[in-house]
Structures are given as C-alpha cells and as structure tokens.
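Paired with subunit B in one complex and with subunit C in the other, subunit A is shared by the two complexes that follow.
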Partner chain A sequence: MKKLTYFPGCSAHGTSEEFDSTLKLVLKTLGVELEDIPDWNCCGATSAHVMTENLAYALPMRNLVLAERLENTTMGIACASCYQRMKVTKVHLDENPDLAKRINTTVAEEGTYKGSVNVKSMLQFAYEDIGPGTIKSKVTKPLTGLKVACYYGCLLTRPKNITGFDSPEYPVSMDRICEALGATATEFDYKTECCGASFSISNTEVVESLSGKILEMAKESGAHAIVVACPLCQSNLDMRQPDIEKHQGTRYDIPVFYFTQLMALAFGYPAGQLKFPRHIVPVEGALANIGKVEPEQEKVKKPIKAVAAESEVE
Partner chain B sequence: MNKKSGANVLECYQCGKCVSTCPVSQFMDFPPREIMQMIKLGLKNEAYMANSHWFCLTCSACSGRCPREIDIPAVMEAVRHLAIEENYLNDSKKVKEIRKFHEIFLDMVKRYGRNYELRMMAEFNIRTRNLFKDMHLAPKALLKGKIPLGVKPLKSAKAIRRMYQVADKLEKNK
Partner chain C sequence: MARVGVFVCFCGANIADYVDVPQVVAEVKRIKEVKYAIEYKYMCSDPGQGMIRDAIVQHRLTSVVVAACSPRMHEKTFRKALSDAGMNPYLLEVANIREHSSWVHQKDKKAATEKAMDLCRMAVAKSIANEQLHEISVPVTKRALVIGGGIAGIQAALDIADARIPVVLVEKSPSIGGKMAQLDETFPTLDCSQCILTPKMVDVASHPYIELIPYAEVLELEGFVGNYKAKIKKKASYVNFKTCTGCGACWQKCPVKVPNEYNMGIDKRKAIYTPFPQAVPNKPVIDAEHCTMLLKGKCGICAKFCEKGAIDYTMKDEIIEREIGAVVVATGYDLWDPKPYEEYGVGRFRDIITSLEFERMVSANGPTNGVPVRPSDGKVPKNVVFIKCIGSRDEAKGIEYCSKICCMYTTKHTILLHHKVHDSHSYVFYMDIRAAGKGYEEFVKKAQVDTAATYLRGRVSKIYKKGDKLMVRGEDAQIGQVVEVEADLVVLASAVTAPKDNPELARLLGISYDKYGYMSEAHPKLRPVETAKAGIFLAGCTQAPKDIPDTVSQASACAAKVCGLFSGDTMKKDPMISTVSNEYCSGCLNCVKVCPYGAIVTDEVPMGFGSKELRTVAKINEGVCQGCGSCVAVCRSMAISLAGFTDPQIINEIVSI
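Our next item is the complex of A and B:
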C-alpha cells in the first residue's frame, strides 16, 4: 500500500469539500493511504505573496517542516493554489540556503527545515504515481458517451521551472485520466487560461469576463461538462456561472466536476456519495449522456462552403 | 529591481508578447510591457503608482511565452512589495478593494490559522461598504453547504500569531 502525506487546504473544509471526500474514496480504491499533516495551517495563497515576501514563505514553510516529521517523503496537495505556494516555497528555499535560514526563524518552534519532502499536486500524483493504466483497471462503470473539457487553470503546470509537470500550454494528464475512465476529452484551447482566481470576491467583473470565455470555449468544443483539479476554478466556473450568463447574455448550463468525482463515479461509487447536490449548475443533464453512443456522421464537420451552398438552395 | 525580483529586466526587448498573453492587461493602466520599460527608464513613481501590479494574477502565462525568459510576475511582485513598503498608494477604488481583500484574508489566517471563507466575504462587504455584494449567491451556497458557517481554528493558532510577529520584524529589518 502506498502512503502519502496529505495537505487538503482550507477550502477542503468549505467550498471544495466534494473534492476532498471523493479524493479519499478513489485513493481508497487505488490502495493509497493518506496521512494528514497534524495541525496544518493556511498556505497564505494568494494574499500572502501579494502583500509581503516573508510571510509568503513562512506560512508554507511551517507545513513543510511539519510534514518532514512524518515518514512519507511525498506530500500530495488537493488545492492548486496551495500546491503552487508550497512548491514555489520549496524550490526557492532549496535553491537559497540564506533565505531558508532567515525564514526558518519564523517557524523555529516547529523545527529546522531540511527539504526532505517532495511536493506534488493530486493530479500529478494520480498521473505519475498511479497512472492511467491502473486507473483504467479499477473502472467498473465506464463513462462512455460523456464528453468533457479538461480545464487545468494556471497553477498546476506553470511556471514550468517550478512545477516541472506536464505542459504549460497544452497539458494532457487530466485528459488521459478522463479517457481511462471511458469519457471523451474534447479539443479545448482554453485549458490553461486564467479563471480570474481570487478576484472572485474583490473584482468580480474580471472573473465574469475571464471565466465567461472559458465556459464559452468549453461549450464550443462540444463538451457536456468541464473537469477541474482546482477548488477556486471550480467555484468561479460553477458558483458564478449564473452571474456570468447574465453578464454575457447567454446560457451555458455546463456543470463543473472535480476529476475525482468522475473517477469515483467510474469506479462504481453510488452517485449519492459524490456530493452532486452541492453543485450550483445541475449535473444530471450532462451525466445522462453516459452510455449514449453518438452516430458516426455527426463527428465529420461539413466544410463551410458546402454549408453555404446548402443554405442557398433552401 | 533585478536583485529583488531575481529577473533581469534589462533583457526585455519590448516585443509585447506578454501584453497579448496577459488575461488582465485590458484592466491595467499600463500593460506589462510598458511597466518593464518604465523600470528600465527609472520611472519609479509611474511604475509604482500604476494599478498593473495589483491586477497581476501571477498566472505566469507571460513568463512562459517571454522570448527573453524574464520572470515578469516576479517583477510585478517586486514592484508591488516596494510600492507597499515605500507607501506609494494607488487610491483608485478597484485597487483599494483588491488590497482590502488581501488584508482581510491575511487577518483571517492570523486569527484562525486557516481561512474562514464566510467571515472573509462578510468583512469584505462591510469594509468596502457594499453590504449586498454577492448576497444573491448566499441562500443557495449556504443551503447547499457550499460555504460552511464556521471554521475550526488551529490548535496552534498562537504559533501562527507568533510567526506573523517574527515575519513582521524581518520585514521591518530589511
């Protein structure tokens, strides 16, 4: 059995509780045991690094020091913002011993930072340490017929020199996982566009404009649903979707799942355990596509000229 | 600036790729390319007073595409930190709100060790005098349990407060 140190992040007890609980279900099926960091604290994202340098390193560093007390050498992080703050801190502290020494004075009572714990996002762990092959072997109810747009956001793959995972422009790890579940991943160009992140509260118009484009492109790609691995992306795209629809004067009606919810569904967990009622945009319409087989001819797009010619005839 | 951000601003040859990549450049007084040029020309006041560094979301799309591989978000962050330290206050409504949000967030973490989402949203509305902002979301979000009413503070919440004090001292002794 694999063991993993777990950092859920604050939103796991709030807006993204469904990510946390379904993650635990699928890791149980996959034989991974999670060990919580005792008394972990907020990583400071995104406000600490906006306002001050020292606190931006100190908050994640305390968690890293606490994690070093445990036996496991890898920390898995659910929230994408937490993942990025933790990874940035780790990379900078490891590169710069003077910085590590200075910041360590803020968390001296917890111990000395050694740099012995590796940091991964849960998406990275699922893709690299478990792999689509193993995931596929656990599927009992394939999601055939469901078309999904995999949305990664900014933080899981960027900046490349910090995350070292997948592509910063066109990542495919989540697509491969969804395909292993039997779903179809659509060609989606807005995979790593920003959703507006923490401007959700302080500058809602920015979120409405940026997230609106993502919803628009996902819909255009032919997806029934969007799949994410970040709590802030989920809440911006789901909770704010009715506002965005008003802002853009259109209707998207496209639910936003965590990849772990779809994994749990394909692993045969009953829908009752997957927290679907927490979604603001109802999920039933999208899930009704599971099991439907699409007629072949729909896949072939007609050339524009032919369409124009047809309408002339009419 | 180079020392503070770890990036070499002088490498910038003003191609503008960052501007077309940046998801929020349309909301900025000056897009990232112009901020880079201001720094090169030593236009400190202009760069610090612009709202650009407050709008930067650190999404790193620009640095990923920058042909000179400059860490532009790190430059934006350095400008912001220096502007805060040296009291360059951009008092436009938007910047004030963004800043207030971050202050409230850090205050929540100082008090509880973790973020308290509901209280943070409530305080933001009170302190920006916009009581009804997002109120239409509240019934659904609360009923569905999407936003919980309480937060469980850390056992070692006091240790976090001590950490804040030490970090504050480090900030002042720079």
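Our next item is the complex of A and C:
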C-alpha cells in the first residue's frame, strides 16, 4: 500500500468537507493510505504573505519540517491555496539556503529543514503518481454522457516556475482524469480565469461578476457540471450561484463538483456517501445525464480548401 | 638609444572624465626613453594624427605609444599615421586606457589614473623592443561563395558577378527566392513582391559569372581569406536537371501529397515538386522523406510519365569542392513559433494564424487565390484582429529584441485585407508603432485613414471561443480599460528569429554568433557587414532582423567589400604571425594540436652535423596563421616566436610595472 503524507488544511474540516471525505474514499480504492501531519498548523493563507516575510515562510515551513519526520517522500495537499503557500515556500527555501537558515530559527524547536519532502496538490498526485490509466481501471460505473467543464482556477498550475505542473494557461490534467471516468470534458476556455477568490467576503460583487463569466462560459461549452480541485473555487461557483443568477437575471443551474466526488461516483460508491446535500446547486439534474447516449455528432473539422490547388491534381 | 613618443587621448570625455590625463602625461615623461609626451582631445582626428606625424619627424622618434581606446578600434588608423611620417607602422604600441581603465573604473578616478599609467609604462617598455615588420603578400582566388539564395544572397551574387567576379551561390532549398518569394506586396510602396523579385532570380540563373547550386549545403570551409576551399553537398534531387524540361508531368501524376512549405502548410504539394511555379531553377526535386518509390520501392509513376527519362531513383548526394576567396553569409531568418502563447489558444484554435500564413492567403499565387479565409470553415473573415509583438519584446515567452518589420507588414496586411475584403474591418493591438524608415510613417498614417482600422494600444491577455467567433480580450491602455473584440480571424505577428542552423554554420565557417543565433558583425557601427574572420561577410537577416531595403543595401555593401578584397592579384596580410626556429624545434608537435586554424604542418629537415638523416619539425603556413599565439604558449623548447609579441617585448612589459 502506497503512503502519502496528508495536509488537509482548514477548509477540509469545514467548507470543503465533501472534498476531504470523498478524497479518502477514492484513495482507499486506489490503495493509498493517508498519514496526517501530526500537529499541523495554518498555511498562512492570504494574510501572512502580505504581512511579514518571516511569517509567510515560517508557517508553511513548520508543516514541512513536521512532514519530514514521517517516512513518506510526498505530501499531498487538498486545498489549492495551502498547496500554493507550501510549494512557494519549498521552492524558495530550496533555492536559497540562507533564507532557509534564517527562517528555520523561528521554527527551530521542531527541527531543521532538510527539503526532503515533495509537495503536490491532490490533483497533481492523482494525475502524476496514480495516472488516468490506473484510475480508469478502477471505474465500475462510468460517467458516460456527463459533460463537464474542468475549472482549475489560478493557483494549481501557476506560476509555472513554482508549480512545474501542467500548463499555466490551458491545463488538461483534470480533463484527462474526468475522461478516464467516462465523462466528456468540454472545450472550456475559462479554465484558469480568476473566480474572485477571497473577495467573496469583502467585495461580493467582484466575485459575482468574475464567477458569473466562468459559469456562463461553462454553460456555453455545453457542460452539465463544473469540476474543481479548489475549495474556494467551489464555494464561489456553487454558493454564490443563486446570487449571480439574481444579479445577472439568468439561470445556470450548473452544479460544481470536486473531482474526487466524481471519482468516487465512478468507482461505485453510493451517492449517499458523497455529501451531495452539502451543495447549494442541486446535483441531480446534471447526474441524470449519466448513461444517456447522445447521437454521435459529426466531426466538423474540414480543412481549409485551397481553391486553386484542387483543380490541378487528379 | 630608444626615443619614444607618447600620445595620450582624452577621447572627449570618455577617458578624461575618469582618468587624469595630464597626470598620466607628466608621469610618462619621467621615463628616460620617453622624449616626447602630449595629450589631445581626439588623437584619432586629423589634427591628432598630425601631432603624431610631426613629432615623429621633429623628435626623431624610434617608436610611438598611443594611449587611447582599444587597438581593435584605431590601431590601423595610428599605424597609418606612422607610415605617413616614414616610420615602420609596427613600431606603434596602443595602450588601451579606455576599455581597460576609464570605462571599467568609473567610480575610482585615482585608481583608473594609476592603471592608465601602468598601461602606458608597459606599452612604452614593449615598444622599445618592437621590430620593423613588413606586410606579407598572399595570392587571391577571385571567386566568391554566397550562402543562401533569398533576396540578400541574390543581390550580393548579382552585384559581385556584375563586376565580373565569379560567384558560387549555394541554396539549401530547390529554388532561390527565399522568404521574399512568399510575400504578396511589399511596404511601403505595395510593389508586387514577385514582380520585383522574379526577374532578379532569372538574372541569377542566366548570369555568366554565377554558378547556381540549388538544393545544396556547405559542409566545410578551410583555408584563409583569399584562399578558402569549400566543400559543398549537393543533395540528391533524383532528377537529371540537364535533361529535365520542367514540363510538370511528373508532379501532376505523383500520388503522394505533402504539406506545402511554400504556402505555410495551408495546401499540399506532391512528393516530386517545384516549390512554386516561378521557381528558379524551374526543375523539380523528389522529396526523399515522402516518396514511396524511394521509401518502399513501389510507385515509379513519375519516371513512367517523364518523356525525357530524367528521373533517376539511384541518384546519390554528391560532394563537390570549390576554391574561393571570400564568403557572403545570407541565410535569412525563421519565424518564431507562437506556441508558448497558450492563453491565446495557439494550436487549439484553427482561426489563429501567423502573419506569413496570412501573407500566403492574400497572395495572388497563394493557396486561396488571394482571398483570406478562416481555416476552420473556409469562410471569408469580416473582423480580423492583428496582434503585434508576438514573441518580440517579450522576455517572458519570447525574445527581448524588436523584430523591426512587424509594425510595417501588419500595416500592409490591414491594407491588403481592406483591398481583398471590402466590408472587412481590421483591429490592431500594438505596443508601439515603429515606423522609422523612408516613407514608412507616411505609409502607416495613410493606411490608418484609408482602411479605418481600429488601433488599440495594449497587449492581448486572452483569446477564447464563443460560438464560431474568437473573443479577443486585451487592454486599451489609452482609455485604461479592458476591451473585447469579436474576431473571425486572428493574425499573430510572430517574431523574426535566427535560422536554427546558424550556430552550426557559424562553427563550420569559424565566425561567431550572438545569444539569439544571429551572426556577429565585426563592429556594430563601423564594420556592420564584416565578420571578425577576414573574407567572410554578412547580408540580411542572418545578422539581425531587417526589412527588404536594408537587406538589399547590406547585400550590395557585401559585394563592394568582396570586390575591394579582390581588387589586386595579391592581398596584404598582417605580418604578426608565428615562426618556428628549426634549430630549437624538437618536433614534439604540441603546437599542431593547439592551433585553432590548422596553420601548422610538419616538415623534414636534416639532422645537422653532416648527417644525412632527416628529422621532423613544425612549419607554419604564413597565409593561414592568424597570430593568436597558442603555439608559442605550448612550445616547450621556446622554438616558436610570434612577431610583434616576442619574448623581449613581453618581458619588457612585465619588468616595467
């Protein structure tokens, strides 16, 4: 059995509990055992790094030092923001030994930072360490007929020199995972547009406008649902959806799943275990598409026709 | 007794601001061999040189030291001043107190002055041991090699050949013409590119002084200025050009279709093909990578339909040699691949094309008969967005430099679109409009009025698809707002980049190239067409991005340089080269291994003492030696001496400080 150090972050125990619990279900099926970091602390989130450099690095560093006490080589992180803070810290500390030494004095009582643990988001872990092939092999109830728009947000793949994962502008890892589950990933150009993030609380209108565009484009792409790997994206797109609809005078009715929820569903877990009632936008309508076979559409990919060239040959 | 004159230059403020020049003069005057020392604002100017000439005569100087800029800059100038005063020019020493002192120690005038003094002391001491040297004469092969058959190579070849100097023009593709042959009309006058280019192509083919070698590559260049030998690989064309009449039966019948490079892959060509109907030579070649006969031994249709029996599937690559005296490098440019612009959906959206693809579409002999179409559905676009600086001026994704031509050709494209699709509208996203050139700004201004194109100053941040339209979102910095344009077609003005083979070619020619892969000129301002290697010149975009007028000017300049080089039957060569003393040479031949120019060969000389036995010694080829001194450094028996840098000279320098 594979073992993975787990950093759930605060949202996994609150707003994104369904991410946390379905993640545990699918990893069980995939034979991965999660080991929590003992006595983990806040990653610093959006506040620390705008306040002091020391705090911005020291908070994630303490978690990294604690993770090094465990035997696993990789730390998986559920929340995109936690992942970002942890990864930025790791990259900067590894690049700059003087910085590492300086910050280490703040967390000295936990030990010395070695830089021996890899930091990955759960999406990256699922894509790179498990892979769509293995995921596909565990599918018992394929999601055929379900069209999804995979939304990555800003933090999972960017900036490229920090994450080193997938494309910063048009990532496809989640699309490949959803396809492995039998679903269809739509061509969705708003994959990495900003959802408004933490303005959800301080300036809701911004979120309504930004997330509104994402919902609109997802709908336009023909998707029945949006799939995410970030708790804040999920809450903005799902929880704010009724406000956005009211604000824009439209109706989207497009549920927002964590990719682990869809994995669990395809792996055969009963819907009752997937915490769907926690969603604001009801999921039933979208899930009803599973199993529906659409008439095969003609592939309209005609090449441009050279008017002149054709006449000459044959 | 040596009588040295020292001339210290202010170089305007370049030296004088950071080095106390009068103090340097006072200091060198204390050296007993220095009989005359003076400072002057511009020593390289005519009055400055006059001071040197007069002092040589008046003070009966035996050597001269000029403390000024790098010898690479003005050594020749000052040597000439010595000659004019009747003195051997090699009795000059240059103390480089600009690049080696004032420019690099701008924060410490005292230290810079002291260093300048040291440099002068060394130069004085060295000059005392200088010997009179005389230029060497070497014979010249009066034939030029031009590499690349675009407009740069064509112009250089024609100008050289018109001076009745034979030219070998080597082109890697089956036809000459280069990128210019792909263009529709040219800025700023909208001349038809084909109409002004193809007559020149024909001139090349019919010129009695030009040997055109298409479908070929230069493999090796050995020798030295005036006496190069080039190895050229003629790639197998599988078509006998002597018997082929270019009738076209073969390519009409060929069943294999391959993306057509000439049309940027928009349509297909055959496996046996001429790149375009106006090709020179107008003879087809077989593309060995795609021909089924060559790959699998099946087909042979072209041979069957060739009435002249010109098809020869057994043809092999052929290596030929040419003796030449000078080389013009004119390898042109490549277009930057815009793939890194993922936020634009490059590669995902078929209706995003590059400028050269657009150029082919609007071209009268293009794949769509001169009408731009959307690659996705073949419809004629109404709203076209042009985005400039794709890869250019972009340190994050592309390259730092400005590609120079994109502002102008994008303006041209808005006009061409306006001409071809009357109810269309152009939107141009730009950073700056760089229209420096004769008639350029006027061209842009007029186009903006005539086409009523919308110019939006700002970068595009995203392109996404909405229905069958492309939504282009960017900033209009002049109103400080984000704008979105609904486009049918997006045209990217991709950066000009150096040909990817340039570094390899530079290595085999022995010239240098910059970090981008462009060939380096000898001096950015004063020697822009020469390379640091004597007898090798640069024309066109192989050196840096350029438009057609600049390219043609530089090509003609190359021709002038070549003609100048070939103006005598022999050529003067710097005498600062190595010589081997046979008495001391032990024949270890370490020098042969380190010589970067292959200038050292072996020789057999008698053992001496009346013996008839022979022994091996090193021998330097005067013509090839460049005087780098590597052999001197490795010679363990101190048998090699480099004129101008002899042991007494160097030891004098060291002792003086």
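Everything that follows uses one rule, which is that the second predicted complex is superposed on the first by the 296 of 314 C-alpha atoms of A that agree within 3 Å, B and C clash if a C-alpha of one lies under 4 Å from a C-alpha of the other, contacts with A are read in each partner's own complex, and residues count from 1 in each chain.
In this text, contacts are C-beta pairs under 8 Å (C-beta built on N, C-alpha and C of every residue); 3 or more make two chains touch, one makes a residue touch a chain.
Small disclaimer: the values here were computed from a predicted structure and weren't measured.
A.B. asks: Which holds for A:223: it touches subunit B only (first), subunit C only (second), both, or neither?
C.D. replies: So A:223 meets neither subunit B nor subunit C here.
A.B. asks: Quick check on the superposed pair: does A:181 touch subunit B, subunit C, both, or neither? Answer first, second, both or neither.
C.D. replies: Neither partner.
A.B. asks: Taking the superposition as given, does A:168 touch the first partner, subunit B, the second, subunit C, both, or neither?
C.D. replies: A:168 contacts both subunit B and subunit C.
A.B. asks: Looking at the overlay, what does A:126 touch: subunit B (first), subunit C (second), both, or neither?
C.D. replies: Neither: A:126 stays clear of subunit B and subunit C.
A.B. asks: Which partner does A:47 contact after superposing on A: first (subunit B), second (subunit C), both, neither?
C.D. replies: In the superposition, A:47 touches subunit B alone.
A.B. asks: Please work out whether A:64 is in contact with subunit B alone, subunit C alone, both, or neither, and reply first, second, both or neither.
C.D. replies: neither
A.B. asks: Tell me which partner A:189 touches in the superposition: subunit B (first), subunit C (second), both or neither.
C.D. replies: second
A.B. asks: May I ask you to name which of subunit B and subunit C touches more residues of subunit A?
C.D. replies: B
A.B. asks: For subunit A, which residues lie in the overlap of the subunit B contacts and the subunit C contacts?
C.D. replies: Correct list for subunit A: 168-169, 193.
A.B. asks: Show which residues of subunit A lie in contact with subunit B when the two form their complex.
C.D. replies: Residues in contact with subunit B: 10-11, 13-15, 17, 39, 41-42, 44, 46-55, 58-59, 62, 102-103, 105-107, 109-110, 154-155, 158-160, 168-169, 192-194, 196-199, 201-204, 206, 210, 235, 239-240, 243, 277-280.
A.B. asks: Would you mind writing out the residues of subunit C in touch with subunit A in their complex?
C.D. replies: Contacts found on subunit C: 252, 260, 263, 266-268, 270, 342-343, 345, 348, 367-369, 371, 373-378, 462-466.
A.B. asks: Using the touch definition from the top, list the residues of subunit B that touch subunit A in their complex.
C.D. replies: Counting only subunit B, the residues touching subunit A are 23-24, 27, 55, 57-61, 63-64, 71, 73, 77, 80-81, 84, 94, 97-98, 100-103, 105-106, 109, 113-115, 117, 120-121, 124, 133-134, 137, 140-141, 144-148, 151-152, 154-156, 159-160, 162-164, 166-168, 170-171.
A.B. asks: So in the complex, the part of subunit A that touches subunit C is made up of which residues?
C.D. replies: 167-170, 187, 189-190, 193, 217, 220, 300, 302-309, 312-313
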